[in-house]
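Read through the structure below, which is laid out as structure tokens, and then see the notes.
Chains here go by letter, A, B, C, D, E and F, matching the order in which they are written, and residues are numbered from 1 within each.
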Amino acid sequence: MTRADGRSDDELRPVKITRGFQKHPAGSVLIEFGDTKVLCAASVTEGVPRWRKGSGLGWLTAEYAMLPSATDTRSERESVRGRIGGRTHEISRLIGRSLRACIDLKALGENTIALDCDVLQADGGTRTAAITGAYVALADAVTWLGAHRRLSDPRPLSCAVAAVSVGVVDGRVRLDLPYAEDSRAEVDANVVATDAGTLIEVQGTAEGATFTRRTLDAMLDVSMAGIRQLVELQAAALAAPYPGELPGAAS
Amino acid sequence: MTRADGRSDDELRPVKITRGFQKHPAGSVLIEFGDTKVLCAASVTEGVPRWRKGSGLGWLTAEYAMLPSATDTRSERESVRGRIGGRTHEISRLIGRSLRACIDLKALGENTIALDCDVLQADGGTRTAAITGAYVALADAVTWLGAHRRLSDPRPLSCAVAAVSVGVVDGRVRLDLPYAEDSRAEVDANVVATDAGTLIEVQGTAEGATFTRRTLDAMLDVSMAGIRQLVELQAAALAAPYPGELPGAAS
Amino acid sequence: MTRADGRSDDELRPVKITRGFQKHPAGSVLIEFGDTKVLCAASVTEGVPRWRKGSGLGWLTAEYAMLPSATDTRSERESVRGRIGGRTHEISRLIGRSLRACIDLKALGENTIALDCDVLQADGGTRTAAITGAYVALADAVTWLGAHRRLSDPRPLSCAVAAVSVGVVDGRVRLDLPYAEDSRAEVDANVVATDAGTLIEVQGTAEGATFTRRTLDAMLDVSMAGIRQLVELQAAALAAPYPGELPGAAS
Amino acid sequence: MTRADGRSDDELRPVKITRGFQKHPAGSVLIEFGDTKVLCAASVTEGVPRWRKGSGLGWLTAEYAMLPSATDTRSERESVRGRIGGRTHEISRLIGRSLRACIDLKALGENTIALDCDVLQADGGTRTAAITGAYVALADAVTWLGAHRRLSDPRPLSCAVAAVSVGVVDGRVRLDLPYAEDSRAEVDANVVATDAGTLIEVQGTAEGATFTRRTLDAMLDVSMAGIRQLVELQAAALAAPYPGELPGAAS
Amino acid sequence: MTRADGRSDDELRPVKITRGFQKHPAGSVLIEFGDTKVLCAASVTEGVPRWRKGSGLGWLTAEYAMLPSATDTRSERESVRGRIGGRTHEISRLIGRSLRACIDLKALGENTIALDCDVLQADGGTRTAAITGAYVALADAVTWLGAHRRLSDPRPLSCAVAAVSVGVVDGRVRLDLPYAEDSRAEVDANVVATDAGTLIEVQGTAEGATFTRRTLDAMLDVSMAGIRQLVELQAAALAAPYPGELPGAAS
Amino acid sequence: MTRADGRSDDELRPVKITRGFQKHPAGSVLIEFGDTKVLCAASVTEGVPRWRKGSGLGWLTAEYAMLPSATDTRSERESVRGRIGGRTHEISRLIGRSLRACIDLKALGENTIALDCDVLQADGGTRTAAITGAYVALADAVTWLGAHRRLSDPRPLSCAVAAVSVGVVDGRVRLDLPYAEDSRAEVDANVVATDAGTLIEVQGTAEGATFTRRTLDAMLDVSMAGIRQLVELQAAALAAPYPGELPGAAS
């Protein structure tokens, strides 16, 4: 009943956070949850969408996508199909909502931060890795905005945000599912929470069977413990000096 | 601190279920949660999508949409815009997943049931009304399939499915939010569950603030009580004879 | 040689007009021509399209659509296909042209009225039912605009507009064809006219065979008589007080 | 009260029919109604659309389009906009219906004829010129099919088809309107008829004002006389030998 | 080893340039390279795209398209497919770049010239015929702009531009390939050059095999000689007076 | 007159080739030309497109794309815009053509290789880096196919393929332009060639000015020398053992 990769049920996969992966965006993070690799970029542009102009508030938006070569079997490019699929839409919206929960859009001033989360390699948990990495990229972009004196308030981030998946596999509650487990999970949940232990988003879904309140509670316990570890890893990564030179003013 | 419509915090809006609203589909239900009105149709077609052919399994799919005139301010038609929005995609997928949880696709045989949930009037909770009404339309379509001897197994439905929204408004946990409450809720959740009291889907989202495990628990308590009432109303509606003549064989 | 539903050749199906079907639009009418049911909503928005700004003239536009579940066999959703079909385009344009014939766009001021005609159930004659119902919704929207003092001239409607289908079936000229007759008609026409007996639009089409001037004349005689009855039914419906409360200022 | 181009009210513009304008299609006709020039090509392909396979019946389809440079002010290319407009859809459907009225699809065998009507220069009446020219291209394509022994029956065309516009301008019924008249017509009609004097399609539309039965009758009288002349011009054009070499077998 | 059409290897097909083919655009040229016929229109509109406003510079853009009936086998309409293919994009961009090389956009003032190159009949070399014809249409449009006093500088054209294809067929370098040669060429190149003998664009592509520098040199020699002839033909065509009346001010 | 990055005019930027960057595709290479980084993946799927079935021949296709965060200013996602731009189409086609020149599609058997070239960071020369990297990924994919006994012939690659950009900047011919040079180049060329020194594709474009044959010759000299170095670097990279474990059978 042990997991194929030797982990215990409540153990995260190895997490690796590489800041400054790209030179152009104000924040650029390659995050790895085991074999899942997501490139999270935070690009700053002056101004806000039309419907928000003159409000004094900033805006934060997110887009999630997968390289065709990221998956086991090559997946078709959404630009070629000419339309974005429901899953992509759903995850992009989740990332945006999750990160907006930690930022004071007034402090941001009339700037827009676009979070692009592009999956380079997929092995389960791409959306939770994306959220966890996007927070680090966002923190770097906020530092960059501060250094360029473009913030209305010096500390727009009120908390850290991380996310993890959890599921019931072979009747056991397990943390941070790789694709091999995820694809046969009976229940599947994604939890987004803060470093203060409060929740931002809970999404639990039965796959085939239904589940009890007790199971939901067990999944929440395990995932909150996982998120505590993830926020520590984020903090450690951000404590290091920015690698390489900072992006220029143009972002 | 009472609600604008005079309800107590854990009280549903008046629910009305009208079966047989349209003559063509095998099941057609107009469901009303207060001023929210959703037309839920279950259309049967012989055969399954290409990727499923020869499997002996049936398929169930769902599409959600809103009439332009359903909302307070007229909304643009997605067919005119030429693309389906993220919110529509997200809700269509939720309805499909929720209803697939209660049906044995093997018993269905190689038939496809399409659940169309078209919002005629929107006042909050359209997705939960849609799921609750779609279950009744699905039950009628299954009866119709049985009557036409097109089921592999006479009882493909393993449970009833209903859904309700719940949120934190003015610091209080409240059930079944109308638009006026929903638009200023601090936390917003949708819960889909069965008549056995087990969960199918839980989606809780912070809007601006974050929320605690304790708040999540309170929201789940209130929503499960609401769902118990909804499954009773479904059962009562289905206990009545089918209004008018049954749809013909062509469906 | 009698008709399947027992009507005489020049007899309309039972017509039912329900005003105030939806609470948000300024006018909302459910119209029924036998089993054909169309929901016609007239939504008012301040301002006009860009190309008309500053002209002092208002604008009226129309969109026709069908629910997937409205037809005998479920039809695919145009929003899902990503494009609007030729038939939909054609009918939307016809409705818009027909209703613009009765309204003084100068009297309307720089307001736009959008007429949404959504077919809930189709059994032939959906476009003529849509035009006939849209006139009633438009009349209610104009009353609403007057009550909110947003008209440049108090009486922008110069006439009433109604429409009916007529065809040659089994060699006989017949009024208001249901689907069963329409699908095997040799000639098919739609006539839009005013309460003054003048014409707005005549569209006659041979289906397979061609037709003579004499047949066209017979079809026009029958349809003009049908339209005389329809404008009386519209007037009777509009003579009643508005059901329920009036929509608020936001429309 | 004479017309700007000196014609009498019931006079056609000069008509010119050039067969064999392109070398690839089985029929290719450049038709001119005054300054309106439409290139009508009839391309034959073996086989029919999927929904018609095995029926033994052929198919005829039509597509209408305008070059961006055809109009007074350059119009945007529909391929660039990514969608076909309602007017284009409407006219394509009209051309297809009109020409299907004269062909026995059984005699055609399982072949498809695509009629492409591309407007090279527009000056009013493009749809009626297109129908009139398309008939000549179709006749040549049918001859070509016969010469290649691909017809089930040697004479699939049961009649000739021509079309003309007519309108009320300055209170007078006038035939074959150029753009300058069309754009200020009070009533506007297009009539499609056969060489036997029977009708295929009548479309009359009020522009601003409404019109009486008497006006409709006058418009029909004038247009039927115009169509008699057009079918003579078609017959004369087709009586000449095919210019240049016949297209090869590949069509 | 002679060519199917009897030409020598370095000989152009018969070239025919017809100015004033359409009455609306400021320049309209039908150009023929053998059986390839392209209609090149230069339409002038006041103003420039948004991103260029206030720059004092004009703009020149080009769009290439093919009629469905232009090719041996009917090709599908890109407007119907809903997207423009890669080949079309590529050629449109090539034409625009090529013609922008000869025009001083400052002298043009804030006007836009749209070059529409629509292939009426295709037999190889459509893009080179399009560029060669578009130059003549552009020259006429510039004359028209000058006559209407809309140029900042009276002579915005710094050179003439022409283009020709060249390829290796049966091991021999051949000029101006018709489709029958082009489709089996081992190497295929398009060369765009000026009347001064300088290059604007060189595109050489191996088809199946690769090629040597020596072959490239031979292809360039032959094509430059061909372009010298084409610029003479352009000059001769432009030396004649404009056929018919000039387009009006509206263009 | 030295270059900003200190290189001599005919010097390549530092090139880095990392094989096995992703675990799923049969070949996956991260190639760097200075700050330009392109991820090139070669995915194998059994079977060929429909139009090629039963031919016994394989197929090779390529798609190029750029991450929004790859450029100095964030670029919009083509999947979000709903259409692929002309530049993307053009480069995808160039990559496909270039690599098809070196592979024997008969030896490949009825397999398809999709080359996905995703630009992670752009600093000029993305298309030439993509071609150069794609060749290495293709070589690994071919090895993988051989190891899985899916080749009809053991050595389908007839040559190596590499590409480089060259331009005229400040009047000097310079190799391998970074964005800062490329954006102000007077002439810009891309050359694709083989390890045998033969050409596959030459594309030279004037930007503003025109250029002489002599300049073209100088550009070809410099680029062919650059390509000689690139094919050596490719060979060196491929001489090393495959890093990590080979992708599984599913590819």
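As a working rule, contacts are C-beta pairs under 8 Å (C-beta built on N, C-alpha and C of every residue); 3 or more make two chains touch, one makes a residue touch a chain.
Since the model is a prediction, treat every value here as computed from it, not as a measurement.
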{"item": "Graph separation of chain A and chain F (steps between touching chains)", "value": "1"}
{"item": "Distance from the mean Cα position of chain C to that of chain A, given in whole angstrom", "value": "50"}
{"item": "Gap in Å, rounded to a whole number, between the CA centres of chain E and chain B", "value": "59"}
{"item": "Length of the line joining the C-alpha centres of chain D and chain E, rounded to whole Å", "value": "32"}
{"item": "Multi-chain contact sites of chain F, meaning residues that touch two or more partners", "value": "82-84"}
{"item": "Order in which chains appear around the ring, chain E first, chain F after it", "value": "E, F, A, B, C, D"}
{"item": "Contact footprint of chain A on chain F as seen in their complex", "value": "22-25, 28, 35, 39, 41, 43, 45, 63, 65, 67-74, 77-80, 82-84, 88, 114, 116, 118, 120-121, 250-251"}
{"item": "Contacting residues of chain B [partner chain A, same complex]", "value": "83-87, 89-90, 92-93, 97, 101, 159, 193-194, 196, 198-206, 208-213, 216, 220, 224"}
